[in-house]
């Protein structure tokens, strides 16, 4: 996979590292970056060489500062040329759905995604992090659900996902309505991230290590676990139990169970076929 | 707006302060208070002069101690005169739905509501606080989901809302099943409130300041954020993303975006048209 | 109720204590234990002599270590004799649904269930604990969502219930995807348990005391509270409010309200009729 | 109840007849008519003297031809004075929700509503008829989901309700997308109305007779039946069964069961207490 | 399977015939019949010798006339001895849920159920028929949703299921609110039954023949089809498509596909392994 | 748009005609046809030159006979090389989801789709027709939900969509469980198609004429109508009303309303801007 603004590397067996790679622009999003992000995760989703993914931002200063202002200006110009409000709204709706689709590719990726945040992590940074399965950050991370400050309600997923991911609704509403910054300590206290590391390098190392651990497990078990947790989050319990039974009726019929049991007894490293 | 048991003031630009105002009765609810509470929030919902609301209880001793016993006695008398169980149940169902509707007016109010609790905050106090967007309290607050102690399951919203608002289901079930009191520290630890202040005055000041901050932002952005967070809480993610795209297709076409951007560059205070 | 692997005792008025009782096998589950667990909770659900239940594991070393390997081997043999994948999947689906049904009996039990965990609490231990209303543990408890390590996605409810019960989705995904152990402190920090006690005896005493408190309340109020919290967890708020009004339209017409009020005034212990 | 554009009469015991009463304007809707329609059905919902309702349009020519054009022009003027698209959209959204709320009052009315259509029954006529429980018409009725012809998608409920009420989705989409008229025969063939009568007088007589029959039954049974059918339409079966059990747990404890049984045996007319 | 009031026979290969067998009492339901009905269908659900089921009523006069009045009297007596409304409601709720559970066993039976109605088919007859997959009747069948006439809303499933099964909501509300009888022709016109035969014998023969046809097909295909149609009825399309893909991922891996294809080419009768 | 097995033409203003174009193979589906079908409808969805679409099958003998057997054989070969059941199931699940995605492109196409069926219309033909908005057919059409006959439950949408689209569930289950053929008359009687024409040419002419009518209307109104009917089909009424209000808040602000009104008054043909 070769991209211009997304860098995909393979730091260890079955682990992919995806970086937002426009560091001199603080990884601000332009149209090409949106497209590449969606493509990368769509491909990784069924890439049998990958079993766990780390997502981070290149450079020292920012995970991402959100939408590039140049990019926003372009859309405005298109809008200005449309004949009426109904057609401008249709254009804008399609455009928002496209951007959401890029982020959904992260959430729907069949392989677990660990997001490592650092530095400026504003607006779209939170939208994107909400699509990952695990969130880690460095202690210098500066978070904000920033959109209210530019006259908008966030529309790329933070408001849809935060009330489900995080403990404390009073806090979720507070940071979303005031657009105030919050730091790593606060992010961990409310359960938005599960670990804070001293700096970006440490956070990335921690994330890559967790990815390597996950990648060493049965991919049938790991990918099923992600799918079923996603289902559990969005469905009543009775629904999820039924779906789980149908899912595992086939998934338990793998060679991995035997491999895992034997290697557990023999203290060897199990081998699992591709998925 | 003139009410008898509800006091509405305007402490700063675009901020309304709503007080339960029966302090000599510890703000216990009687039918007239129910009616006025619903009316006040229904009116504030579309009052273009208001962009954020603080809700608190008058007096030093209590936010509210719940339903006034006198009031409960009146309902019993009506019930006693009905001919059979089916008709008493129909009467009671309509009556519960009416009280719920008053509280729903707080939740559905298009403007954000910050609830500031203090002192005795029992039973109905929790039902009411669950309808606000942000919850703050003073350190002396004494909370309880008290209904089990009077032979009832809480029916005004605590049991419907707490499992969604708060982190820790084990704790939610525990306090709801035992009716035991919990204090401000515990309320913050489990995420029921997002800040604890030393006393009522400090809590109210903090709440009014937060309201002022919110009121200084674009009302299009703020009201959209509340609506979309509410939607996110009650729908699967895919549903909310779609709704968000349709909502923002029109909402992003405001003058507020330009005002917000320009005042950000010029370090001036933006002006936003009414909503 | 007489069972072989489940021990049911009555430690105090209206309190039942249910123990997984295969301590020499670390309470690992075999088919007979599954069956008895479901039967016990189905009977307790409508046993008018019981108003609160404590669930724990016999012996010092484990709440439970999960599925007995002998048991798993038996299923494999049945599977091997089936003619094709479709039929093996149908067999396995029915089998998973049966095991889920046993655990659902705990969740659906009309009486509150307090789960007290200690020692090894692996795999199925988490599935089972998720079905209780309140979770307590001793400080030596060693938890793990262990299934990924044996090549499986957990299919007995942890993945369906954890995203709803616990604050911190990043943590939920992390422990489910890595299968790593977590201890009592971590379990409390994320809100999986609401109290940690120094050892099994203390945890059990705490649980039995909480059960006794709940059992001293109106059973109409307590059982209604459990039902409505369950409904709140799995439905949109508007749905639950409506259901609540219909439920309480009959439930408030009990003698318990009067008994509770009078005993509150007279400082006496109220008496409540059976339910 | 005294209204200007709504006429409410009591043609027989416990039966109310509600007429859209602007016949010289073909019962076209103006703001005052909207308001009165909502008020009338809200009051009838809990009026113990009413057990069944017939809804029809005054005059020979039309049930209703929809929104009065004068009325539409007024809204346009308000819109023109608003500063930006976001605020115009907010105004319009609130306005649509208000009109929907008037129609919802028909659907939510606790008493059954039989809608009798005749003559011109265009646009809003279909929206309104969809809110009734039973639909009858005269053979001269001219129906159309007319909105597409004036550049709009219907927004007062036809598109939300028709796919649920009517058999034939291919037909629903066809008439909604083409805005073509359909007649009484076609309306009956697809199941939109259950009976066609030769003319308005006959249709009204049929409807009033059906209302009288319903009004002679137990109001507990009738109002419960409407509530549970509404629930069944909008929920999965398992949900509705559970709700039904809770509903009837109180409703079956009426004197009506005894009265109905006795009068059945004695061939007398039962008497039922008010509801 | 030996029952007292339910007769189960095997008229042809892989076909079971279940009869309500209290013909001298017009197959009215007493507690033992409820219990046996649930047991019969629960056992047939996983009986590998059965692939399709016909359900009918013994005797010439009735499919069933509903709840036996003797039975209803017994419940009343229990109710009268309970101390308050809340406890009577709890008793009644549990009782309704038990009766619903017996009928649900028909709906949840993994094998298709063809219901053949004839003669008196009142009240419970409609509830029960709604749980079958296919409905046939003889031309003399007299149907009614009869409950309103005895002062009750139907609570055993008709009101939950009819709005989903039948085309014409206006008709569904009409017959449910008036309790009037409808005949076979009307039942077919609105889509409640799919075929009307001249008499009971012909209807039964038609049903048994259809069952034999279904029983000659792949049981993997047939049972999957029933499961997926049930899912489609109760879920949004996107949900059902996803569930379908997971279900068939295992189910298509059967020997039946090859058997079916080969026997299609060779014009022979395929053999399918048990399920 | 140039495709190999899909032919797209523009028979009149703003109307596209999409043909399955493998007539010598009875339009049986091979992988390339799947891909092209999805691409064609995805492109047409936002093609401003298209406002209504007719979908039919080339040749005289068949709309389509379903999956090409050659194609099925290829998948079998891939399956055979996978190491275990879990991995074969994962492969198959992804494959089914891909095929469903092609059909979903028809359903999600923003422009209305009129499906014209003729001749052999088996299996996949029904799945595909269910994705269209309107269904027409010639009198010689031979329909079947054929999958059970080849040992499969239909997995491309018929079982998810038929219970929603068609009146008569008894019939839906019957034809799905028996795989028997049904003809045009029966298809119209149960509401699967809304019109039957004497032959393919007449059916196509009728469909193209209906498309032309739709294409002459406001595209804002038409596309909104399709979107809102789809929403109504899959959501509770209250949900759809809210969504409708948000949707139309922008959509009513079009120039089309004025154009439609003026051309109505002036009896001229309105002009609508592209969408």
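Think of it as A, B, C, D, E and F in the order they're written, each chain with its own count starting at 1.
The definition used in the following text is that contacts are C-beta pairs under 8 Å (C-beta built on N, C-alpha and C of every residue); 3 or more make two chains touch, one makes a residue touch a chain.
What you see is a predicted model; the values in this text were computed from it and never measured.
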Is the contact between copies subunit B and subunit C built from the same residues on both sides or from different ones, judged by whether over half of the numbers are shared?
-> different
Between subunit A and subunit B, tell me the centre distance in angstrom, where each centre is the average of that chain's C-alpha atoms.
-> 33
When centres are defined as mean Cα positions, the distance from subunit C to subunit E in whole Å is 34
Subunit A touches at least 2 other chains through residues 85, 88-90, 164, 167-168, 190-191, 220, 233, 235, 238, 246-247, 249-254, 256
Looking only at which chains touch which, which shape fits best: line, ring, star, complete or other?
-> complete
List of subunit E residues in touch with subunit A within their complex | 243, 246-247, 249-250
Residue ranges of subunit A touching subunit D (in the complex, touch as defined) = 85, 88-89, 238
Which part of subunit B faces subunit A closely enough to touch in the complex?
-> 112, 133-136, 164-168, 190-194, 210, 213-214, 217-218, 220-222, 224-229, 231-233, 235-238, 240-242, 244-254, 256-261, 264, 272
For subunit D, which residues are in contact with subunit B within the complex?
-> 46, 83-87, 89-90, 94, 220, 223, 250-256, 273-275
Contact set on subunit C toward subunit A in their complex = 79, 85, 88-90, 92-93, 96-97, 100, 104, 107, 147-155, 157, 159-164, 167-174, 176-180, 190-191, 233-235
